[in-house]
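Presented sequentially are two complexes of subunit A, the first with subunit B as partner and the second with subunit C.
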Partner chain A sequence: MSFARYIARGELARALDDMARGRVTYAPRREGDAVVFRPRAEGEEPLLARATVPPKGVIFPQSERLFAFIREKDPNDPGHTTVRLDSTVDIEPALIFGGRPCDARGFHIFDRVYLNGPHRDPYYAARREATVVVTLACNKAGSTCFCHWTGCGPADTTGSDILLTPVGEGADAGFVAVAVTERGGAVLEAANLPEADAARSDAAQAVHAATQAALDAQSPARDLSATPARLLERFSDSDFWRDMSDKCLSCGACTYLCPTCYCFNITDENDGGDGMRGRRLRSWDNCMSSLFTREASGHNPRMGKALRLRNRVGHKFSYYPQLHEGVVSCNGCGRCITGCPVSVDIREMVVRATEANEETPNA
Partner chain B sequence: MPVLKGKELRVVGFLCNWCSYGGADTAGVGRFSQPTDLRIIRVPCSGRVDPMFVVKALLGGADGVLVSGCHPRDCHYSQGNFYARRRLETLKTFLPALGIDPDRFQYTWVSASEGQRWKNVVSTFVEKVHQLGHAPRIEEAAPYLPLAAGGDSPRAPLRPLAYPAAGTLAASLEQLREKIRAALPELDCVIGWQQGFDALHATPLFMRKPEDVDKLTWGPLNVHNLATYLPQFKNRKVGVVVKGCDSRSVIELLQEKLVEPDNVRVFGMACEGVVDMARVQKTLDAGNADGAMCADVAPAAVAAEGDGLTVEGEAPARLKLADVVAEKCRTCDTPVPLLGDVVEGNASAPAGPAPDAPPSLEVLDAMTPEQRRGFWRAQMDRCLRCYACRNACPMCVCRDHCIAESRDPHWTTQEGNVREKLQFQVIHALHLAGRCTECGECQRACPVNIPVLSLKQWMNRSVRTLFDYRAGVDVNAVPPLLAFAVEEKNIKEHGL
Partner chain C sequence: MPDAITPQAGAHATTLGTGFTDNPYLPDVATVLETVQETPTIKTLRVRIDDPARMESFRFNPGQVGQLSLFGVGESTFVINSPPTRMDYLQFSIMRAGEVTAALHGLKPGDKVGVRAPLGNWFPFEDMRGKDIVFVGGGIGMAPLRTLLLYMLDNRADYGNITLLYGARTPSDMAFRDDVQEWLGRSDMQTTLTVDQAPEDWPHRAGLIPHVLLDLAPSNANSVAVLCGPPIMIKFTVEALKKLHFADEQIITTLERRMKCGIGICGRCNIGTKYVCMDGPVFTYAELRDLPNEL
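Then we have the complex of A and B:
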């Protein structure tokens, strides 16, 4: 099934139009100083910059209506009301273009929870199935990138349907497109593109190797296999978590920028004050917020930001891997570091937790 | 305006129980004919009308809002309407920032016996709203993104920005470190800055042990306002390193008793300006064809000297400070901290002249109301509702109990739409009225670079015009919205 096609740089917009027939395409667009995924118009030249916000919202919206409720009074028995639910979900076939391997792998982290776990989430499943993911391999390593520590990588195909690798320069610039999944293959076929010859396929391989090498030069890959246990050993070390979280503002930007953070909140919103009609919404939530764990009694088991940050790191590098065959639920995209107003560095926390224990194994 | 003459509009009236509601009753008993567009909400006092009520109504689709209370000096609670007058007047000058016609909102005074006056007030106001017609909805405005098109042209700073020679800088920094080391034994910690995850970023440093002090850095990357951390150290002694602008936040915190003077030690350093990271990134990225395949490739080293930053590494460059400096530094008139147990550095650094309006506000000023609606629609569209703007703000002290997230009261929904997001920005701006020191942390913290500071700048300009007041310069002052004058110098009564 795996086959490779070549897209000349000048042909990209046309090829995307063909691949996306019948689908809404989401592609990176610059808004102010940020790059965000937005529906793309036919023929529009897509931006190739890495987006500030990953495309997870296409499949897991920032806020979505699960259903609407309408209460109706029985005209013959006014004391009796019936509740009608309207749970029609509007899902359009979509295509996400221009995410990076770390973004696409995020969907794989979600899949394990929302598709293949004990409960299958119908909303997520429907969107995931309706969406083709066309990913752009990286040819540069950002200063906060550490995908190579986490099992991801600059050309990782996990979670993608098609992987594009930029090759060549100037007039010879283009992309080698490889179909990763069957539906990716079908979409790629539709674009009517020439086959990528051996030289170009080799060039793509060389780009993968060079980016990987640049990452290794920047920071050698770490073995995180011991980290889940080490983090658990650190669980009650309050000085450690205080030091790590001193500067954290507990804002949650890190989680909303994270392609693998999947927590949500559910709220009922009334339309009008009489409570007779309204909507049940599911919206992004995050463990860095105090409300996340505040109980109805007012008690909050995660009182301060140290305990909240411990959860974020612990969830990604300890609890999730322990439930999911060692897969860490961080793809090393570095967005939480770049986007954090005070530069809290998740790498530092992981390394410090792991290393400090190496020195004192029973600490 | 009455229903008989065309379509009814939605006008919300907040009427105080003691005077205006009585006045409306009197008008009814007197059978005065009145427009039927008004939906009355009875409140105990005009002082109970949070300006948020008005904005929520206007953003939610009301075509007009009228607030009416007892005449000044007649308040049932003696002072409620005096406070109301300040708040509502401030609100009136703020509405245009959102692209809302200020004529859609009016406040006035009607006593219980003034049935005729009530009839006139309500008729005049409703007629005016009818002239304006249906209020345009912010979510339906045509997106307008002038900044995305590169309209963001940095202006020359009002004072020359120049970093001293490396040696002088190092000497000042060493003196600062000495003072901190000496004070550390009595303090829980001292908050400063250290090198962050790469050469281009500094990050807050919490010094607890003498060796931590060695890590302290000083320079144009120290963008964070560390005063933000102070309120969480309640009842503990803590030190903080401040730039000139940050010192104003400390003053404001002291003034509002959010920190105790005995518990905070201020280590000041005269400042030559800090950079706007987005501008630095943009400058470094310029010339990178294809929109920079990866936007955060960091240089190997960055150093400030004279009027520029020297960048070493893969793409060496010399950036002019004037091109990449933070907007607030262009108009800074407090480079030397206004308070400090210790002030190091060039304490005679020149201040710039205080400008009438910060240059970044000119962007908003230059727009038509329609464009402003489109501007906020387009900007807020990408808001993540992460609340980093709030959590980074030194004066936002509710945080874990912010009404933006509270279900009780239920102020905003969890909907991801522009209206709810803008509603939150309005909450922030209104709660900061007369308290915001324009440190810019709200905007700097925003991961998607939404220019939320301009709303606060707009508000501050209103506060300056109305009350001749600037936040964070006098520890003994009272923020203007927590006070009133019986005769307001700059508020004229609105005739209706």
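Then we have the complex of A and C:
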């Protein structure tokens, strides 16, 4: 089913309009210093810059309604009210354009928990099914990128429906578009594009190889297969975690910017004070917050920020891989590094946890 | 089922399924039948799920929990402390601790609540058949034990000696008064009550649970100890059981974690790779020993 089409640079807006027919397209847009995913108007020239915030909110909104409750006075017994729950949700067919492979792989990390776990999450499932992911392969490595350590890569297709690779220069600039899934194939077909010839397909391969080489030159790829066990060995090393978390402000920015962080809270909200109508919401939550595990008794298993950082790193590089066939739940996008106000660097934690143990294998 | 959540072409409103198996976040609406003020801080609610078919087919095992909610206030986790052998209602006993629990304390018969249950694992009551059982409950920790104890009393012939040690801070902090009276009078179990500070007229024991347990010195031969209570009580009770030569595999307890989804998705309740809402709340002490130390 994998086939390739060619989109000339000047044709991109038109091709996107065709691909997105009947769907809301989310594409990168500049807002102040940030590049964020926002609904795109037909004909709008999309920004090709790497977004500072991942597109995870399109499928997993920052806050969403699980259901509404409507209380009504019981006509037979006015002292009492009955409750009706309404779990109708509006889910619009959507298309995400211009995320990077690390962004798309984030959805795959979600899928394993939200779709393939013991309970399927119907809200996530409905949005995921309704959303086509059109990803832009990277032709330039950022200084904080380390996707090649984590099983991801600048042309990884995991989680994507279509992969676009920028090829050519100047007047000859364009994109090779490859359908990754059947759904992606159908969308790509609809755009009525010429086939990508062999020369252009080769050019796309060359871009992949060159970006991969640039990443390798920046930092050698690491084998993280021993990291889950190594991190567990480090579990009780409080000096290590205190040292790592010294600067951390517990602001949680790292988790909100992360394409793989998927934790949430559930809270109720009322319309007005009479409690007759309202809704149950779920909202992004994060394990860097001091209240995340606080129990009603006041006991908090992760009282200090060192313990919370240990959980964040441990979850991504140890617990998740142990539960999911070695898949690391970090895609090396580097957003938590660039977005952290005090430059806490997850790479450093992973390397030091692993290396310190390598020096003293029996420690 | 996937059909119900697949958006129809051209249709922009998608209705997600109703009922627990389809949408695990959607509670069953239930009605409070009866409330019992157990102690100044613990109130029991007996509820029935409104949908008769749902209530009829509802099955659970002793130790499983539910998310009980008051619409507009929120959801919290409580053990279903009625036994599965008595299905006229589901019983939850709630200690006032914060916002949701305070609001639940305000409910009257006829009021509506939300129930998402059953969640989590359960006591290994099958494997416990033929064994002597030592129950040790502290405070509200008596709630999960009540379920298992009543189940065992309803299947009395399947189990050996049953010993119960139930402790609370003061006599007025003891919940389940009617049950306790009955248990004290039964010849097929040994019941000991203790309070931290005993008033003059208190006919039972005084002193902390672990001390009283050492005094009672139940035999470890072919026995299982089931504990539930505040973390500090668990810690010292386990030490006491060790002194009595109980092996880690013979000690069973439940863990508390702040839970939200209850179905292993929201990521809140993990201890390493284990999710208390799915892999727990019931663990043997041997399992706990193998978890990262983050209790």
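FYI, the second predicted complex is superposed on the first by the 359 of 363 C-alpha atoms of A that agree within 3 Å, B and C clash if a C-alpha of one lies under 4 Å from a C-alpha of the other, contacts with A are read in each partner's own complex, and residues count from 1 in each chain.
In the analysis below, contacts are C-beta pairs under 8 Å (C-beta built on N, C-alpha and C of every residue); 3 or more make two chains touch, one makes a residue touch a chain.
Treat the numbers as computed from the prediction; the structure is a model and nothing was measured.
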Simultaneous placement of subunit C and subunit B on subunit A, clash or fit: fit
Contacts of A:181 with subunit B and subunit C, given as first, second, both or neither: neither
First (subunit B), second (subunit C), both or neither touched by A:201: neither
First, second, both or neither for A:33, with subunit B first and subunit C second: first
Partner chain in contact with A:250 - subunit B first, subunit C second, else both or neither: first
Contacts of A:219 with subunit B and subunit C, given as first, second, both or neither: neither
Which of subunit B and subunit C A:267 touches, first, second, both or neither: both
Touched partner set for A:236, first subunit B, second subunit C, both or neither: second
Which superposed partner A:87 touches (first subunit B, second subunit C, both, neither): second
Centroid geometry (CA): angle subunit B/subunit A/subunit C, rounded to a multiple of 10 degrees: 90
Superposed arrangement (fit on chain A Cα atoms) - minimum subunit B/subunit C Cα distance in Å: 7
Footprint overlap on subunit A, where subunit B in one structure and subunit C in the other make contact: 265, 267, 269
Subunit A residues touching subunit C - in the complex, by the definition given at the top: 22, 66-67, 69, 71, 77, 79-83, 85, 87-93, 113-114, 117-119, 121-123, 125-126, 129-130, 232, 235-236, 262-270, 275, 278, 280, 282, 285, 287, 292-297, 299, 301-302, 307, 311, 314-315, 318-319, 322-323
Subunit A contact footprint on subunit B (complex, rising order): 145, 147-148, 189, 196-198, 200-206, 224, 228-229, 278, 281-282, 290-298, 378-379, 381-382, 384-388, 390-392, 399-400, 405, 407, 413-417, 441, 444-445, 447-451
Subunit A to subunit B touching residues, read off their complex: 30-36, 47-50, 52-53, 61-63, 138-145, 166, 243, 246-247, 249-253, 255-257, 265, 267, 269, 281, 283-284, 286, 289-291, 334, 337-345, 347-348
In the complex, subunit C residues that touch subunit A: 2, 5-7, 9-10, 12-18, 22-27, 29, 69, 71-76, 97-98, 101, 110-112, 114, 230-231, 256-258, 260-261, 263-273, 278, 292-295
